[in-house]
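In the two complexes that follow, chain A is the common piece, with chain B as its partner first and chain C second.
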Partner chain A sequence: MKERHLGILLVLPATVILFSVTLFPTIFAYYMSVHRMTLQHFWSAPFVGLENYFRVLSLSDFWYSLKFSLLYTVVVTSIEITLGFFLAVYFDRPLKGRKVLISIIMLPMAIAPALFGILMKLMFNDVAGLIPYILKNLFKMEVGFFSNFNSAFLTLAFIDIVQWTPFVFIILYAAVQALPRAPIDAAIVDGASKWQLIRHIIIPLLKPTILIVTVFRVMDALKTFDTINVITGGGPGNLTMTLSILVYKLAYTRGDFGLSAAATIIYFLIVIVIANLGLRLLKKGGILA
Partner chain B sequence: MSEKVDRRTWLKIAAGTVAGLAVGGVAGYLSAPSKEVERTVTKEITKTITSIRTPEKEKVTVTLNWWPGPESDAVTPIVKWWNENMEPENNIHVELVLFGRAEHFDKVANLLISKSPEPDIVFMSYTVGRVYEHLEPLDKWFGSPKYPYALEHYVPAALDSFRVKGTLYGIPTDMNTSILMYRTDIIPDPPKTLEEMVEVARKWTKKYNPDSPTEYGFAIQGKNIWFNSYFWIDLYVNQGGPPLTPGNEIEFAKSLDSDIAKRTLEIYVKILDEGLSPPDCVDYEYAETNQALASGKVAMALQWQCALGELRNPKNAPLIYDKIGGCLPPGRKLPDGTIYRKSEVHVHGPGINKYSKHKEAAFKVFAFLTTFRFARDYIMNGAFTGSQAILFNEHIRKIRTDIPDLAPVYMNSWPMTTHPDLIAIHDIITRNINSALTKLKSVDKALSDAKKELLELLTKE
Partner chain C sequence: MKLADALSYVLVLLLIISCFLFPVAFVIWTSLRSHGAIVSGLILSTDYTLEHYYNVLFMPGYAFTKAFTNSLITSIVSTILTVVISFPAAYSIARFKTGGGTLSSSILLIRLLPPMVFAIPISVLFQVANMRDTLLALILVYTAFNAPLDIFVLKSFIEEIPIELEEAAIVDGCSRLQLIRYVTLPVSSPGIIATAILTFIACWSEYPFALLLTIRHAVTINVVASQFVTQAVVKYGEIASAVVIGMVPTILFVMLVQKHLVKGLTLGAVKG
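Take a look at the complex of A and B:
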């Protein structure tokens, strides 16, 4: 009994801190979402029930941002999983300088997303950026990387892929390293080609890990804020505005915390639905009980 | 003071008065403002510094929040000076508190609405309308005979930029305005009207003039970030639109579908469509525009005034530091032949936290911030000013070579609104301008949408 009490006492401070930075803001967000809470009426906000939720759902910006966030997530996640997988398989062999190469691949992931966004913004800057300079001087091409939706979307996706493929790679690489050798060796002995090996042996064996890392990346990509906010601010127009950026703008541009809190909760519910789908897939794949 | 003042304190006050007179004399030597400003400045130095030197009963630490960057770099030595020279006399220690530059004003707003007693003095901006209920109204403090002040030396529009419903909530230590920056080597006489600006831009665009040293004649700051609307608003007001001043927001919103507004936005879009501005300018804000000028890529741009000092520094802009000028944004010719040109002004500066536990001490520090001494040191340390006495000080004008260009801009300025929804107002305008620039909306639709959204915002309960 005494030991149990001691255990609880020891864990209590960390638990209190954790709850205060997670539970309290969550509860307060719900509170804000049912009040018309602005900077001017923060302490005297009137109760408005579900009005903020209906207002969010009636915003065309909300639906656009949802569509953009989903499109962005699907595109970057699928490319990152594919690239990360093939990199993991490629590095699963004796390679000269493998460790150094892996360290280089991991570098973008080590940089804070906002800082990485600033670095990439400079790289693509039409006046001082390296990439436009190379394109102009070697290929005689002038590209406006952020001047329209297509170029802005592709550039942002590229930046996300550069930063987060290493995350997928390192998880899948660890999984590849842990694969049992027997089925692979047997397939090689049976004359399987590299592609057959990947398709029929490695992918099925890696399926649980691929699913898990896909769920992680989908959650992360849906939440993308720092990089895109730093680079385009959601522009041109509102064309690259993710749901996170919309939530931020509702709070700090419109000064409407109630509306922003309602948008956050709707966003949270959407992410829960997607997370649940992911969990079902994992259960179906026998990865989770 | 209700308590008996001992001899030592009287000696200190006398010494402070003499020192104040000496400082006033030095200030008089350094400055050559108008007679009226000179009288006011000298008067406030002696009395205000005397009051400031009156010691607190116990040692007090006043937390002074400032904006990180050139502004905090400029105020840091002044805080050090205060702690070395004033603290031993008045028992007030000043502690400088800095947040991150990018989200500074949001952080200050959060602290104020959470009723935090610190910082005692907060660095505010023209978004004062959002948080004025959490700031100490300053008129009653400045009106006290204990702290005679010289607010007359501030640029009137700058001071008005810190008034909300007629009450003052801050002092403008930094004024901001937009100017037309231009290459003096190729544009010796900058354009005065909007039409002239377009023609000059065309002349210095390589597409139309292969001999042009610049690739583009103009750089639009088109990024979808709320303060980029200021540049278009300046052009619009100069073409005859109503200014977006405090109290005039609804009239401004109603005018957005006028012929003047359409014409101004059509010209803005035309600059991009005809290739007079870099295609990526829809993602330009301050830094990108500076780069475009510094690299010699563009000949002109509407830019914040602080860029002039930066680009005249040979380390920052070795290619163009000696050939960059600044003037009022282009305007329109009036029937009498004169040119109407003005620029908006908005400000940054300190205000007092309503929840501060050391208001008396904080106001002593605050009163010091209104003095000529502070203004002089602040600008000489690399920041800016809100004071006419500084703008027309010959000594400072020789050292800060941007001031002679900027002084006439400030003296022809109108105060930008301090409406509580200021950021939302500008966000609506910027978003729609950006949509017109990127062809997401036609000019007519962009302006009618902007008008509709603004009126909804401004007339909500």
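Take a look at the complex of A and C:
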């Protein structure tokens, strides 16, 4: 009985702080979302009911950024998981300079995403960047990396993949190393090919870890803000607008806090649904209590 | 077979160098090239200089030194506070199963939600409380939003401490609080240090909250650097040196905690 009280006492400080910075803002966001709140009329904002929600739903930028965020999430997550997985399996053998190579792989992950975005913006810059330089002088190609949807999407996806494949790799690599050796050795003795080994032994054994990395990458990709905001600011136009950039722009560029709050609440609900799906998957896989 | 192995090794090596090493080498290289060499596209020019670093750090009107100090203060203070509130919570969840699955799930859920969802209302609330653009506001927010990570990582560290150790202490007449203070805390110190370093990296890297909560006084390195890119578009060398200055602390730390990183990154949910 006394232990239970102590238990509650110990979690109290963290829980109180955690819920006060998440619960109050959420309630306040709801308050903003049902008022016509702009910078001029902030405290005298009239109550407008669900008007802002209808405005969000009829906003083409909203639907565009929703599609952009979802497509971006699916593309970068699947490539990062695949690439990270094969690197992890590849590194599970005696290799020359393995430790050094692993340290190199971890470099992009060690850089703040905003700074990494700036770095990449320089890399793709027409004057200072090496990538346009190489394309121009070696292949006689001139590419406007952020001028149309396809090239902007691919360039940003490439940047995300470079930054977050290391995350997938390092976790899957640790998991591969911790795998029980017996089934793998048995399969090798039985003459399984490399592909059969991966397909029928390694992937099933790694499934829980792959699942949790996927959930984390999906959630992180859905909230993408730092790199894209630094590189394109969601532009040109709304070409690279993620949901995070949209709600930010609605509030701080347009000054329409009510509209931004309504978009935020809808964004919040979408993410909650996806997060709950993820958590349920993890629970079903026995990874989470 | 031997040839195929060698070939695949070379391919993987090329991939790693061009994707992961090249960007970092590129930005360091750019930060050392003279402005003339960069603008005229002279790749082979040996005209190297430390001028950009000097400008970024000492030119009046640039906020980098202040931003670096701000980042350092907020990251260190938030890290300490986060660990201080997270350790007892982690102990409680690990040993007493406080809150059951519900508490753990809600804490994990907070870690998964986009910061931007909370950042806009929080920045308005801080504006009202006259606390926007203060280090205190940043520290509060960082402490709260890093607690989920710390609680999960510390919980998995504590769970790995053999329970017999604690039982022995209780038999010896320790109270629960004494036990936590004199047994669990010292035994988990490697875990605490690793967690603290991960938290520091997370604070140092944080961008959305810093962008919305700071204006002039409390700006962090990420905010100043990202504004600098749009204001000083053609000062490539200075932009590069700002990035290098900002990335050095986290790269050093990541290399230091490489071993513990896995547990931290997956919130200790995967036994690694």
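By definition in this document, the second predicted complex is superposed on the first by the 259 of 289 C-alpha atoms of A that agree within 3 Å, B and C clash if a C-alpha of one lies under 4 Å from a C-alpha of the other, contacts with A are read in each partner's own complex, and residues count from 1 in each chain.
FYI, a contact is a pair of C-beta atoms (placed from the backbone, for glycine too) under 8 Å apart; a residue touches a chain by one contact, two chains touch by 3 or more.
Remember, it's a predicted structure, so these values are computed and weren't measured experimentally.
Once chain A is used to superpose the two complexes, chain B occupies space that clashes with chain C. After overlaying the two complexes on the shared chain, residue contacts for A:Leu18 are found with chain C alone; chain B is out of touch. When the two complexes are overlaid on their common chain A, residue A:Val127 makes contact with chain B and with chain C alike. When the two complexes are overlaid on their common chain A, residue A:Met219 makes contact with chain C while staying clear of chain B.
Set against each other, chain B and chain C differ in how many residues of chain A they touch, and the higher count belongs to C.
When the shared chain is aligned, chain B comes close enough to touch A:Gly255, but chain C does not. Of the two partner chains placed around the shared chain by superposition, chain C is the only one that A:Leu115 touches, whereas chain B remains out of contact. When the two structures are aligned on the shared chain, A:Val271 is found in touch with chain C, with no touch to chain B.
In the superposed model, A:Ala88 makes contact with neither chain B nor chain C.
On chain A, the surface patch touched by chain B in one complex and by chain C in the other comprises residues 125, 127-128, 233, 252. Those residues of chain B whose C-beta lies close enough to touch chain A in the complex are 106, 109, 113, 130-131, 133, 222-226, 278-280, 282-283, 288, 291-292, 295, 297, 420-421, 423-424, 427, 431, 434-435, 437-438, 440-441. Contact residues on chain C toward chain A in their complex (touch as defined above): 8-9, 12-13, 16-17, 19-21, 23-24, 26-27, 30, 38-39, 41, 43, 85-86, 88-89, 91-93, 95-96, 98-99, 101, 103-105, 107-110, 112-122, 124-125, 140-141, 143-145, 147-148, 151, 176-177, 201, 204-208, 212, 221-222, 225-226, 229-230, 234, 236, 239-240, 242-243, 246-247, 250-251, 253-255, 258, 261-262, 265-266, 269-272. Against chain C, the residues of chain A that register as touching in their complex are 3-4, 6-8, 10-11, 13-15, 17-18, 20-22, 24-26, 28-29, 32, 87, 90, 95-96, 101-123, 125, 127-128, 130, 133, 162, 165-167, 170-171, 174-175, 178, 208-209, 212-213, 215-216, 219, 222-223, 225-226, 229-230, 233, 243-244, 247-248, 251-252, 257, 260-261, 264, 267-268, 271-272, 275-276, 278-279, 282, 287-289.
Chain contact summary for the complex, chain A toward chain B: residues 39-40, 42-43, 125-128, 142, 144-148, 152, 231-239, 249, 252-255.
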